[in-house]
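Chains here go by letter, A, B, C and D, matching the order in which they are written, and residues are numbered from 1 within each.
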Amino acid sequence: MGKVDRKDGVVRLPLVNPANTPVRDPLGDEAMVDPAVVRLAVLDDLLNLGRANSLWPLTFGLACCAIEMMAAGASKYDMDRFGAGVFRPSARQADVMILAGTISKKMSPVIRQLWDQMPSPKWAIAMGGCTIDGGPFKYPNQYAIEEGADKIVPVDIYIPGCPPRPEALIAGILQLKEKVKAGRRFEG
Amino acid sequence: MTNPPRELSPSTEGELYTLNMGPQHPSMHGVLRLVLQLRGEQIVNAKPVIGYSHRAHEKMAENRSALQFLPNSSRIDYLSGMIYNLGYCQAVEKILQIEVPDRAVHIRIIAAELNRISSHLLWFGTFLLDLGGITPFLYSFDDREQILDILDSVTGSRLTYCYGRFGGVTRDVDDEFLERSTAFIKLLRTRLLMYKRLVTDNVILRERCIGVGVISKDTAFRFDVTGPSLRASGVAYDVRKAEPYGGYDRFDFEVPTEEDGDTMSRFHVRIREIEQSCRLIEQAIASMPEGDILPKKMPKRFQIPKGEFYFACESARGHFGIYMVGDGSDIPFKMKLRTPSFSNLSAMPETLRGTMLADTIAIVGGIDIVMPEIDR
Amino acid sequence: MSQSITDYAPQTITELVGNPWLAMPMAAGIIMGALTVNVLMLVWAERKVSAWIQRRMGPTEVGPYGLLQTLADMLKLISKQLITPANIDKPLYHLAPLMAFAPVVGAVALFPVSRDYVLLDNDLGLLFVFALGGMAVIAIFMAGWGSNNKYALLGAVRSVAQNISYEIPLILSALSVVLVVNAMGGSTASGLNLSHIAWVQSHEHVWFILLQPLAAIIYFISALAETNRAPFDIPEAESELVAGFHTEYSGMRFSLFFFSEYTNMLIVSMLAVVLFLGGWDGPLLPGPAWFFLKSYALIFVMMWVRWTFPRLRFDQLMTFCWTVLIPLSILNLLATALAISVL
Amino acid sequence: MSVDLPTRIDELSTASEECAYEKVGFHQRHTIDASVLIDLARAFFEAGYVLEMITCQDLRAETQKMLLVYSFNRLESVDRQLLHLAIDPDTEQAPTLSMIYSGANWFEREVYDMYGVRFSDHPELERILLPEDADFFALRKDFGRMDEASAGGDEAEEGDDD
């Protein structure tokens, strides 16, 4: 039977299923899971472990938060400790898009295009108030900015702050790591 | 020593093609987009496309009171946020004729100059990063972190400071702040020597910078290029000297200039400006008076009187002007932010013409632009 | 003396195993396994060395000292979506990563890691290594042309120009060593045989870096350029050309380029060790230990250079090659030939 | 330079006003007509003044006109001169200064972008900060006011208010 670990809200299937018995899907009521799927889950867990520890961000700064993103990659904070310090300039080689800064209406199609250029599985981190809901630039009838990154790309982690400190970004990356390890992600 | 501009024979063979750099490009400093027309690797035409981080600061200024706009000010140019924040305060003080206490004047100068150093250090790092030297970037960030820590201890933020208040500053500084600033400047002087050995004397850097991207006096004049980029062309124009504000006339500092107008000159000017900022901070610390940090008598509401006003200050990138029109209410009728990088970048098409693709990076990196400041 | 030189012949894997049909897959397995471990460790080392130079810590979280970091990266890259952009030249685009990957694997077989054993003993070994090294250019150009991306194309064009130019001083500096080998090792042995070059140095107790210091320097500089390492990393100059020729490659295809880049580093270092640093020669430690110690020391220097210097501009790079390196290497070759004929 | 700058300004401007620099930050303010702008700018250029900025005020509520503001300054010793030029954005065009001061190019584009004031003979009068397909002039007073949220110029914006 699938062990349900509700502590962190993550549902984990057992890594081994020696009897090849059908496993009850802990999420569904009566749905059964094919044993083959469970065996594949072992591989999936391994791959997820790899993905979680190798989140290469796209070199992509929008505004103020980009400087804190750079600071997080620099000596004092060093995102590379968690394997997330390999900033890739090409979207084709990046895993996580850190949306660092205000998204203007002029920029939003570009961001969407970059997101589409990234190979899946991919994740997005909304860094800073602007990418959460417009932040300090939000006011009625604001014409220039996109109020929230989630209007453009599916966002996995929101990091509040204006700008968030590098520690906050690292905390966000660690959160994302947990999320990836658990195998949860948006499709597409 | 003057360096003649590097001669490149204009190539006329082969087809033109267009290369689009940005808005997402590792060395476009955020979201600048350059549409380059190239022949081989030589640039025939360069067209900067800006506005990718237009955040409607000016519209917001017309829609909220002068006080409410205060947090916006440091977000215009986040690298010299303190200078912009204090500059905006000083503009309103000038309009409302508010007298700033001496202690606040000194604190402001320390904070602004620390911020200027941090901005120059960040430029130093990213410029080297653009040229492919990755390590100096991390060293300069290391030094910059110390400034951020010092400013953090008194302002509570690392980047987008909101430290100024109309009439003074938010919080008083303590002795520890002053001691840390003094210690940092001492350290920075030794670090500058190391940078000179490691970076400035490096033969590859010199090859990449000398004679590259010459902005002549005439070009600078026509585009109103200001700041270190102008001073590198041999014009000793610094708003802090030309129209002293915020007590800068009480202190002794020089305006460093270079003659050649190339990227190397801009490099030298900025490094020498760091030294001048150190001097300013030392003087301000040495002569720090006791007293209040906010004036005793303050207007109840900050109403912008009818009429138009102009205030200029020197940011890390050049002449930052605030043009404000009031109509008697506390919401400005109009606020124009004259930002230095806007003008500096507008000179780029002329400067880039005829250079190599790799020089583009060195030149655009060398004038030190901050995109949200250009786009506002 | 000359007697022993002609007698010298290391055992190859075919001779050891006896059956060539068995030996070949074995050799391939050994090479692939060793190279994979090598690349995993090199990437980790690169990140640690850069971190050390930059006063950071580098990877620490995955495995002890972050040793498994690259493994995680590899796992991730394997499972990444392979994006095939629209309007590409399909055959070229798909073949390029393999073309970059295969020659470097082949070239490794020729290196004599110890006095007595070598995977493949070939009298034209040096030429073979250079020939395979030259194929990397083709792969890069295929990638750049096939990607339908201007950055990739620019990177590829630069790379072709750079690699072809730097191959000349590279080979000329190696040639002066070959002259010395032939002069010292008698007429029967081939100076192009890598095992032989190493053996002559150990036998004569003189490393060729002492006889050919200029050639060694020229070789090292050209090797940096051949492997597209900073300050010559112009084909993939990140701040100019995004990611250069592999801008459009994702997942496993990208990692093949990565793989070949790091293996190339190993190859040029091993070649430098064979040509100038006496191969396996050294006191106390066994031969292979010395061989790899020297190779990785050279790789460390390459990393050190990369994380210290800014990048040259393209035209400066070419000027440096054609006006400094090539004349110098030709002069060096002539001087060597003259010295040998006089002595 | 045949005639010195103050005389030239007197000749060309409709009205001039001395201002207290300590209070307002500029020395003189001149009101001019569109026809003399280029001549005056050339006089400033020859006298060694830089063009600091061009901006605009939307005074259509009072005078039906946009008020272009030009700011000239001297680098050696500060002497800031403002020029005021009222223009009707619907019927008139201001002459461009980009032939004299190259920096005016972008300033004018920005004014066009934000206020819809057109400049005749401008080499590339197009949007600069806003997207090319924008159908509004952002800094006009009848567009996107915060306090009259629902009466904004752009109907599509209404859904976003909260």
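Everything below uses one rule, namely that contacts are C-beta pairs under 8 Å (C-beta built on N, C-alpha and C of every residue); 3 or more make two chains touch, one makes a residue touch a chain.
Not measured: the values here are computed from a predicted model.
Chemist: So, comparing each chain's Cα centre against the centre of all protein Cα atoms, which one is closest?
Modeler: Nearest to the common C-alpha centre lies chain B.
Chemist: Hey, which chain ends up farthest from subunit B, C-alpha centres compared?
Modeler: C
Chemist: Between subunit A and subunit B, what is the separation of their C-alpha centroids in Å?
Modeler: 34
Chemist: Just the number, please: Cα centre separation of subunit A and subunit C in whole Å.
Modeler: The computed centroid separation for subunit A versus subunit C comes out at 37 Å.
Chemist: Just how far, in Å, is the C-alpha centre of subunit C from the one of subunit B?
Modeler: 45
Chemist: On a C-alpha centroid basis, what's the spacing between subunit A and subunit D, in Å?
Modeler: 46
Chemist: Two-or-more-chain contact residues of subunit C, please, as numbers and ranges.
Modeler: Touching at least two other chains: 54-56, 238, 242.
Chemist: Spell out, as numbers or ranges, the residues of subunit B touching 2 or more other chains.
Modeler: Within subunit B, residues 25-26, 51, 54, 56, 59, 63-64, 138-139, 142, 375 contact more than one other chain.
Chemist: Do you know which subunit A residues sit against two or more other chains?
Modeler: 74-75, 89, 106, 139, 142-144
Chemist: Please list, in label order, each pair of chains that touches.
Modeler: A-B, A-C, A-D, B-C, B-D
Chemist: Within their complex, state which residues of subunit B touch subunit D.
Modeler: 50-51, 54, 56, 58-59, 62-64, 94, 97, 219, 221-224, 235, 237, 242-243, 307-312, 319, 321, 323, 325, 333-334, 336, 338, 342-343, 346-347, 350, 375-376
Chemist: Taking the touch rule as given, give the residues of subunit D at its contact with subunit A in the complex, in rising order.
Modeler: My answer: residues 130-131, 136, 138, 143-146, 149, 152, 154, 157, 160-162.
Chemist: Where on subunit B is subunit C touching in the complex?
Modeler: 17, 19, 25-27, 41, 128-135, 138-139, 142, 198, 202, 204-205, 207-208, 356-361
Chemist: Tell me, which parts of subunit A touch subunit B in their complex?
Modeler: By the definition above, subunit A touches subunit B via 58-64, 66-68, 70-71, 74-76, 87, 89, 91, 101-102, 104, 106-107, 110, 114, 136-137, 139, 142-145, 162-163, 165.
Chemist: Contact residues on subunit B for subunit A in the complex?
Modeler: Going through subunit B, the ones touching subunit A are 23-26, 30-31, 51-56, 59-60, 63-64, 71-72, 75, 78-79, 122, 126, 137-139, 141-142, 144-145, 148, 158-160, 371-372, 375.
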